[in-house]
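Two complexes follow with chain A in common, the first pairing it with chain B and the second with chain C.
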Partner chain A sequence: MTGHRLRQALASLASVPVTLFGLVLVTFLIGRAMPIDPVIAIAGDHAPPDVIARVRLEMGLDQPLPVQFWIYLRNLLHGDLGHSVMTSRAVTEDIARFFPATLELATTAMIVAVLLGVPLGVVAAWRQGSRFDHVVRVFSLAGQSVPVFVLGLVCLLVFYAKLGIAPGTGQLDVAYEGLVPHITGMLVLDAALDGDWDEFWDAAAHLVQPAAVLAYFSMAYITRMTRAFMIEALSGEYIVTARAKGLSASRILWRHAFGNITVRLVTVLALAYAGLLEGAVITETVFSWPGIGLYLTGSLLNADMNAVLGATLVIGLVYLVLNLLSDLAYSLLDPRVR
Partner chain B sequence: MSAFTTVLSRDWLLSETPASRAQAAWVRRYRGWLQFRANGLAMVGLATVAVMIVASLAAPLLAWQNPSAQDLAGRLAWPSAAHWFGTDELGRDIFSRILYGGRITLGMVVAVVALVAPIGLAVGSVAGYLGGIVDRVLMRVTDVFLAFPRLVLALAFVAALKPGITSAIIAIALTAWPPYARLARAETMTVRNTDFIAAVRLAGASAPRIILRHIVPLCLSSVIVRVTLDMSGIILTAAALGFLGMGAQPPMPEWGTMIAASRAYILEQWWVPTIPGVAIFAVSLAFNLLGDGMRDVLDPRQR
Partner chain C sequence: MLSRRTLLAASASSLAAPALFRSAEAATPKNAVVMAKAIDDIVGAFDPAQSYEFANNEACGNLYRKLIVPDPADTSKLVGDLAEKWDVSKDGLVFTFQIRRGVLFDSGKPLTAEDVAFSLQRVVKLNLTPGFILTQFGWNADNVEKMIRTTGDYTVELTLPAVQATTFVLYCLSATCGCVVEKASALANQTNNDLGNAWLKTHSAGAGPYRLVDWQASDHIILETNPHAAVKPRVPRVVIRHVAEPAAQLLALKKGDIDVARDLSADQLKTIAGDANYPPTRMGQLTSMYISLNMAVPEFKKPEVLQALKYAIDYEAIAKNITPGLWFVWQSFLPKGVPGAIGDAPFKKDVAKAKALLAQAGLPDGFTVTLDHFARSPFSEIAQAIQADMAAIGVKLNLQAGEQKQVISKMRARQHQMAMNTWFPDYLDANSNAQAFCANPDDSDASKLRILAWRTHFFDPAMTTAVDDAAKELDPAKRNAIYATMQRDFQQRAPFIMLLQNFEVDVARKGVSGLSIGVLPDYTRYAQIVKA
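Let's turn to the complex of A and B:
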């Protein structure tokens, strides 16, 4: 590995603390700008004045803003995001409980999106300008244009209500509720580990619709990027050479052209995965999927500040890590980055 | 021949030897238009966007029913001659509400773009032109805002402000400007060291003048493409905020809000929440098709 590339990778790592600090600062400021009085949120509407005064003091709200930020930062480093008014548990505990469901949903969606999106993009690029290419283009533009919540509702209408071939909302049928042991928090996996196949199939069936809706959303992006990269790769002179050598079409396509875009594709996939987090917020709301997105929107409607900020911060963190991985993959793996 | 017909003639527009700078510019634009026109999908997008703009502006003329007049006896009605798209959960005419909703969506999009494009251009071109510490600081700030998924940050901002259209516009704008800053910075970096900028600088032009008069105009075409492609993202975010109860508030006929209000009827009176959904989809797809076609014309590098 050349020193230059290592330096570049280190540079993108070095920028993380600054971005992270900004992330925390923005979340903190949003929290302080909220129209809800955090003291009343904790002490209750009808608390006597001396209780309110005491809580205000305990929370350090009489301190100047920078000191308050320092307290917030210190608590954060101790893993303390405060308590949720809605669930009356620690926000970190809540997030640990809700996050696996989002991970399960987003990962499944990602796998589906890659398995469909990449081949579609490659073939569309190979047959650029053909009817197939046009269909793929419209199909993926449609995926970028359809509101996730509308697609979710329509899927429920068609597959659940009209055709009756898919289960309704939630992660599991009511009959199995509470029967799956909590191992990873990902129900399909837990049911499989538990060896209960009835539960497994029920959980898997519940996963299909939200995962498909979410997958379409990111597949559109993956297909478009794959197509664009492939078209560029296929115009390279080494492809002409490969053709002149009489190599088979599939070998040129997959070995020569596709082999050259894999690194850039990995960076796109990391970004697409990060984008799934955003789609998950809406998908979870439509399908009552008990993930971090449902937690976030539920807390928003209940004006549960600590929960909103905690969830925002955690999502921001995951997003940051995925972006970083994308940067690192690019600067460390691609020999063309100088 | 009058000046008017001269401009309209194809020969003048396709001239290989333009007689003036204005003519050269028009030749370039006309060629771009010809190329754009050959793209059928992009033309569909352009037509749909045009229809939407006209329909929204003319909503009071086209919608012959009051979008907020309730008729509880005739609620959740199937589309009919009296109510083209049926009626909603309070018996209001959905067709009229869709038309008025288009005004809200269009208004939000225009407001967001009006805030975002200048901010992004300013931050990006200043950072790119001045470089050094200014560049580093501005790009760090940009990175922080890029570090949140757009919808999540917008949700948190709206919660901090107060659910409503104005907050939604500000929140979306706050989350939408960073990509413009990056784009403008990248464009600026490519022209910063060119000879003509050096010549302008030698002629004594100040940094603000160079940025405003010479660099910003060069960034515009890629910013315009980006804006068009971003439209659908802005529309979807605005609708999602409305759907989650954090954007436009009922009884406003905003499309996302309409879906949220009638969501419970999806299984029985499915058209009530589906029609606004189709409206969002159609407009957002139209902007994407339009943007795609414009990118092919204005930005041949990214084809």
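Let's turn to the complex of A and C:
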């Protein structure tokens, strides 16, 4: 790594704690401004005043806001995100349990979205104005316009309720509930590692619908961006030169045009992936998928602030890491940045 | 860089994903009962000393046993569960329980008086949310070991510091916090002297028909047969899946993915009414729906205004059109099913009378007020119906929908004007609701009792005294008479509009039967469920 690239990487790394601090501060303040008394979440509506007062004291809510934030920050630096009211477990333990489910869903969706979205965008740009291009444009526009929850519900209605060819919500059928060992937390992978193929196929079947819904949403975005980048690239003078030199169409398309959009495409893919990890909230709710989105939603409704802060922090961290990785990828892919 | 060939080949292979689709199995496993229910309300998890919500109380009722329980056929009577028999001293201060021999915990160890005393003592010592159910008798961390003690291997003696109505004490012992945990297991797993609280949140150590196998918050609860249970469940495994949406519950029921749907709405029940494949089981519950009228609002200080609002509402129309089969009209603060409840319903829609009362109060043109309510069915629909009813007498109701905890937070801070909410008794004795709705010895912010009367600024010393008197009355007939008077008085004067009381309606697939629904969640039993 050259000195310039090293400096760039260090600068990007240095921005991570500052951004995280901002994220924690804003989320903390929003949590405290919510019109729900977090003590009720723990003690319940019927609890007598002495219990309410004790819980308030235990939660440190009797302290001034800056002191509360300082205590939270200090614990955070020691890796302690507190305990979740909802699950009675440490938030770190919950995140280790819920995040892999989201990772499994988002990664599967992303793989499908990239494998379909990029070629569709490239071919549509190459055949700009053709019937194929029009179909791709309408298909991708619909993907970005239809709300994910509508698509999810329609899928459940058609494939599960009407046709009966897909399983319902959740990660597994009841028969397998609690049987897959927790190795990575990603059930399909864990079932495969466990060597139980019935469990594997059941988990994989449950993954298809939510992953397909998420994939369609991302694929639409990736296709549109790839198409736009490619149209711009194909109108470049170097493409005219390449044609004049008599290079084959595929070489012009993939080597010269596609090669030149990879840097921008990496940014699009990184943002789409981060969006999937964060935006799976609705899909997880519709499909009762026990991921970080469902955890965050449940925590919010229960005013479980430790859990909300912990989950938000993880999602923010994912964004930062993906951003950092795409920055690093630039310098590898683009000789001008080196 | 990816080659074109690789990229296209991989794209094509991703199209094979639908091959993973397979036919949904139209049956749940034979060895498991699968129920769909909203279980995202759990907070204190499964420690009986902390459990306080519907879903975990119901599970605790199947994991643990108590000294006494209400007779399912007639809840005004108590029957022994762990207690073979019990005696109460003439002065009403000493309760002696003879514990049934041969009862085994999930671990295989025998349940003794030591476990019973320990379980009740730890509720008092920990004093978590439901702790007040026992500490209200005067037991505290300092005196509880003397007041609740064993007098033999199978005898427990409870001494009260002051006289309390006998049934009041016994019904409190039948609440979830009266569940008996295995002392050895709790102490072996305690951390920081928590008497096993952290461990018992996610594990069980009881003598009930089931043991807790797994719990994922907002996802599922799995129970399995306790191998040492006195009565073995007919189906060895119970899976309770979190399905919040009633429509999704019905869909899963029809697809055969679940055996019992627990939270169907009136709309869903209508679609399967009369269908022999989905027989419903209905049981009256003790949850009341009411409107609190904050007396900090000047208009609500006038008794005529309170009466006018009570006469403005068409209760029957709401029950018939919005909540058919799920909620029924009930205008007493003691729900039907609680000993001492009266069935009087003095208020019916009478627009002329309501308008006359408003005029009598000096408000012939009505006034404007805000009603907070939960932003979900059926509360939103009921709020709209009440808004229309109020408009007919000239009262303009601004509706303010919010999350349940948001509405409750506002009420607790006494910042609401009108708020629609629900309330269920903490135990089956009349004192629970009487205290909540009527007792307010100190209306200041420093009050030690801040339940519903306080939250509404309903400061009525006579009513507060009546609550105390009834709680100490040893003669059941006299006690019921006090409650009857109190309820009638409350209906006329209190700043509460008692609207409805609920039913639980569970719908099982044909061939699945035996779920016994209790009037309170911890009296619901799974052990007799059978699958054809």
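Criterion: the second predicted complex is superposed on the first by the 286 of 338 C-alpha atoms of A that agree within 3 Å, B and C clash if a C-alpha of one lies under 4 Å from a C-alpha of the other, contacts with A are read in each partner's own complex, and residues count from 1 in each chain.
The rule we apply is simple: a contact is a pair of C-beta atoms (placed from the backbone, for glycine too) under 8 Å apart; a residue touches a chain by one contact, two chains touch by 3 or more.
Everything quoted here is computed from the prediction, not taken from an experiment.
When the two complexes are overlaid on their common chain A, residue A:Leu179 makes contact with neither chain B nor chain C. In the overlay built on the shared chain, the residue A:Pro147 is in contact with chain B alone; chain C does not reach it. After overlaying the two complexes on the shared chain, residue contacts for A:Tyr319 are found with chain B alone; chain C is out of touch.
Residue contacts after overlaying the shared chain place A:Val138 against chain B, while chain C stays out of touching range.
When the two structures are aligned on the shared chain, A:Leu57 is found in touch with neither chain B nor chain C. By the touch criterion stated above, A:Ala204 is placed in contact with chain C alone, chain B being left untouched.
Once the two complexes are laid over each other on the shared chain, residue contacts for A:Val308 go to chain B alone; chain C is not touched.
In the superposition on chain A, no contact is made by A:Ala96 with either chain B or chain C. Between chain B and chain C, the partner in contact with more residues of chain A is C. By the touch criterion defined above, A:Ala249 reaches neither chain B nor chain C.
Within chain A, the residues touching chain B in one complex and chain C in the other are 35, 156, 161, 301, 303. Against chain A, the residues of chain C that register as touching in their complex are 1, 3-4, 7-8, 10-11, 13-15, 17-18, 20-26, 28-29, 32, 34, 40, 42-45, 52-53, 127-129, 131-132, 198, 201-202, 213-214, 216-220, 222, 239, 241-243, 248, 251-252, 254-255, 257, 402-403, 405-406, 408-410, 412-413, 426, 436, 447-451.
Chain contact summary for the complex, chain A toward chain B: residues 15, 18-19, 22-23, 25-27, 30-31, 33-35, 134, 137-138, 141-142, 144-150, 153-154, 156-157, 161, 228, 231, 274-275, 277-278, 281-282, 285, 296-297, 300-301, 303, 308-309, 312, 315-316, 319-320, 323. Looking at the complex, you find that chain B touches chain A at residues 41, 140-141, 143-153, 155-157, 159-162, 232, 236, 239-240, 243-246, 256, 259, 263, 266-267, 270, 273-274, 277-278, 280-281, 284-285, 287-289, 292, 302-303.
Interface residues of chain A facing chain C in the complex, by the touch rule stated above, are 35-37, 40-51, 54, 84-89, 94, 97, 111-112, 115-116, 118-119, 156, 159-161, 164-170, 173-175, 177-178, 201, 204-205, 207-208, 211-212, 250, 253-254, 259, 262, 288, 290, 294-295, 298, 301-303.
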